[in-house]
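All chains are identified by letter, namely A, B, C and D, in their written order; residue positions are counted from 1 within each chain.
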């Protein structure tokens, strides 16, 4: 039987039994989201990896493609046709957009719960989804029942969800930074600006000229200024909170680092308020949102490898513009870590199970 | 006599005679601005470097500190007391703030023209300067007569200037991006946002923990959100153009690359206009501002090593927010290149003399 | 009482009681070795951090200097005079060279065990130590009793050691690569070559020009070719195995990455042998040495953040030169991880306790 | 007529007439070698670019693909079938291996001289070439007449060559480092070691996973240890100098920087000699080889963008191993710069024409 083989054999907690474990499958495990899921799940005391699929690399040991997993994962990639995903308790989709929507219905019908790390179930507006993603959606009805997996706004629904749409990386960093301000109604909702910077892993593990080392190192650029797929997702999330459509300008940039997103958010204040207290109170109970002391400038490396969003709020020169700095690791809180957090919530586990590792700094 | 020793000896244009050359001195040549000035001046057919000073490194050959200059510069650093700067035609100050203001009067009195790459003569408001730079200014009268050395707005005054205040790196990128919009009066001047990202060389060649490789590589952060010294300089320049004080939020960031500034600028449009045409017309005659085709995203590497500002203008989703992307090499158009451009203007030379090198890409 | 405050509070294994825990102190915690020790110890179920000292930063919360530790370490740095290190079970020295030798005798006398991550106790030849480190050694007698903390060669002695000299980063990577060949007597011991490449964190968290981002990024260089402090340490270790002095040329290089050492080792073969089998057998039982399949090229990122040395052995064109590729994370297996491994051995714990995390890739 | 359009129009030397210029064509201009050739040729006062071909990108303006060339090159890429290369005086091949050998005969027959930057004409041993490059060679007779374009060993033959095989990047750095030692007969020729490190641009501008930013940044690895195509080329060059076959172990590595090669060379000394003097004398007249002072450690950035090889020679601990450090910019002295140097020699121009730019540092 396929299972984890923890190096040295001493599982962190011997009380957990195999037969009480969550049987997990991963569809599409050759990208950065997939390997990151594996890194986190390896340390999860109550999940056992049953299968990880790849059409192109079926038969190749996972640890051959990702030597960092030698000694931790001894599974090969399995062809989708032989994966028997219906025997899992939970399936993660770490696939390109358009795959999960093809396979989710059968899994749900078989009683499997699904966390989709792609964008297939994120937008409730199907027409908008089809426009931005350039495909016809094959299961709009499932979208309607999907829960947007941002625990800081949707924890209760996630608990009972059968299908979770795991948020995008930019949307996670941007929404967590704007929520307190919009919920409190202290900024104009029609002129929001999100100037966001992403590390190159955000582009995925795809052979493309633009993200070669020799193209993207030692340089900086914006991209997609005319429109980026994460724009409607962010707008949807902010509108839900605000109660009305919001006006948002979203400019993503590529920065020469591997991991990390830094969102710099701008809003126009409409009333006096203690911004520091507002943020601290909003996230007081949240295990994975860290409101830093007043005057702080969070660095992306301070969350490298960790399921954490660090936020600082500023009001320069006491003017009417509020500036929020929000950082995450795009592969963790922006993808695989949030997916595990959602799994923990869905299965009634402590929310930080397997998510307590300290960021890697330097 | 100390002079350049061009490797191989073939000066590009043999018609230029030594006795018609501009005798140049550099004060404070051990920083990045200094070595960059040397790189550019080495190729200048009508300038000859007479002296380069350093108090701490007097006697050390310049090319020992900067091996890239081996074969090009055979001068040692000279102690300031023995520099005889008064024999130069032009002196560049590539010093920390507060040095140039101590020495400029004597040079001007001796008939030497001065280009100060530090901030000593940039702010006309002496009180503001003293607040932001934490020093008492010793020659406010000289500030009043100094010309702000941004050729794209001040070319005529630079021509006859005896003292030029070379602009800061952020101010160059930000002002060039906002000028067309403010001059045309098509944006609200009270809610400008400049989200700027700088390579690490912008921090200078100083031994500080925060800019160590192991601290600033593979990470991204904002800094100085509460206030940065370039803020009043930018505001002064924009107000001059607009005719009124402007409201500006300026957020600088540190990005893991050596050279380059990317300014992402946001303004709220107040009237319909052809933005692309506006920018193209404004900079039609400028040799060092390149307005890129509509839809472009300039990369900082596209100006690496070159005295060029590339600009693209966007209006996302045809909304009321204009987004300007402006990139420069902070050490060239943001410092040493602009200083040479100013020198060329001051001495009646073709403005692009020694500034025609192609950017280094990749 | 000072102690860890694990975010969320769910310790991985509730059976471990506070009163059975190892009380740990760290001297000099403001460098990279210090913060890395903290990252690892935070997750250690049987160690509790009692104190971490810093003369310069006494009173500053550790997590203020290293925000990655927010929520995990709530101690401030303590002044050495108030540290009461004698109440610890184990003290780690993460100090510059020359500090540990001043303080170790008192700690040993108080019954505290010591792991020194600096070089004070690594060289048995005191004269050699004094020459390479430029100091007079104050306790040669303690050196004589110190155990060199490379478990793969010294595990039994470490078990009962009161004072462990934790190996240097280069020496760890180089020795582990040469051991199998020298033990088997299949290479000439008088013409070994170690061409080693280190990430910049190996230079420590010190404000020095040479390791600024703008100096060391996008460049590569050798250094210390005439002699490096790790040379005598490597020679001592190899000679111990070989039984005779060895001839070694050691050339370290600086490569633009944060963490990682890649040692490329060359030896002249003196007899036919199955090199792959030799290495696999030598390290068959070792939890932290991974002999990769024949033909492999280990990447430093494959051990990023992990206490692992990955090795591949090659014999190009079946000639008489063997090439060994050996990679470690200089801060983990090359410093803090190895120190925790030594602690685990000294206290009879499973050797991989708190050292089972998967490398961070990408 | 297609031609350069130098920004601003002031050619550095107005005496050069169009009709005396070398008409240059480039085949395959979309890679890094191509864009680097353009950067250098733009500044060449006696060469005019007539055509640059690309099958895939025919019609696209060159400056659209490489915005760094905006204002310098206004040609589009031309389809090979419409290129009329036979009207050129010189054609550079900046193509993948196997293309130049298809087209060279026709060009030579038309009286066009050829500099091939690919490997098609580098190896005199056709069988070896076919083995390493996996193709049948279509014109072995032309190989026999081709001149290996390393001016420091072959200047006289290059002068009259009709077909120049431009050396590989590793072979340039390695051969220049070994030549003085082999020529003087002071090292054992049968146990040479070349441990070489290359920046990522050496892999070319090809969409491949292994050279993505997120794969190759912040990591270091060897590759091709069992055999690399540059090995036979280096051996051929060294054997020619030594008079006998040499024994060489060549290990290339990938280092996270864009440009640069650092070769660390090891040889066993067989006689006493003044190594520093040996190297200085060997390269005394060479414009592009810089022997650094004793004790130096050349950095790759010290030659960034320049046609220069800097070398330092060491004899650690006065032992019997000599260590040579040799650095080049792989795209300049390792490719395009050397090609222009060869062109200058072939056409009787000063050898440093258009190659006098100062390296870009920092």
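The criterion applied here is as follows: a residue touches a chain if its C-beta (ideal position, glycine included) is under 8 Å from a C-beta of that chain, and two chains touch if they have at least 3 such contacts.
Every value quoted in this text rests on a predicted model; they were computed, and no experiment measured them.
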Chains touching both subunit C and subunit D: A, B
Chain whose Cα centroid lies at the greatest distance from that of subunit C: B
Rounded Å distance between subunit A and subunit B, as computed from the means of their C-alpha atoms: 41
Chain centre separation in whole Å, for subunit C relative to subunit A (CA means): 34
Chain centre separation (subunit A, subunit D; CA means) in Å: 45
Overlap residues in subunit A, where contacts from two or more other chains coincide: 32, 199, 201, 205, 214-215, 217-218, 256-259, 298-299, 301, 304, 362
Contacting residues of subunit D [partner subunit A, same complex]: 32, 199-201, 203, 205, 207-209, 211-218, 256-258
Contacting residues of subunit D [partner subunit C, same complex]: 191, 193, 195, 197, 199, 214-215, 217-223, 225-227, 247, 249-251, 253, 255-260, 262, 264, 266, 268, 295, 297-301, 304, 314, 316-317, 319, 321, 323, 325, 327, 362
Subunit C partner contacts - residues on subunit A that touch it in the complex: 6-8, 10, 12-13, 32, 35, 38-39, 42-43, 45, 66-72, 201, 205, 217-218, 258-259, 287, 290, 292, 296, 298-299, 301-306, 310, 331, 350-353, 356-362
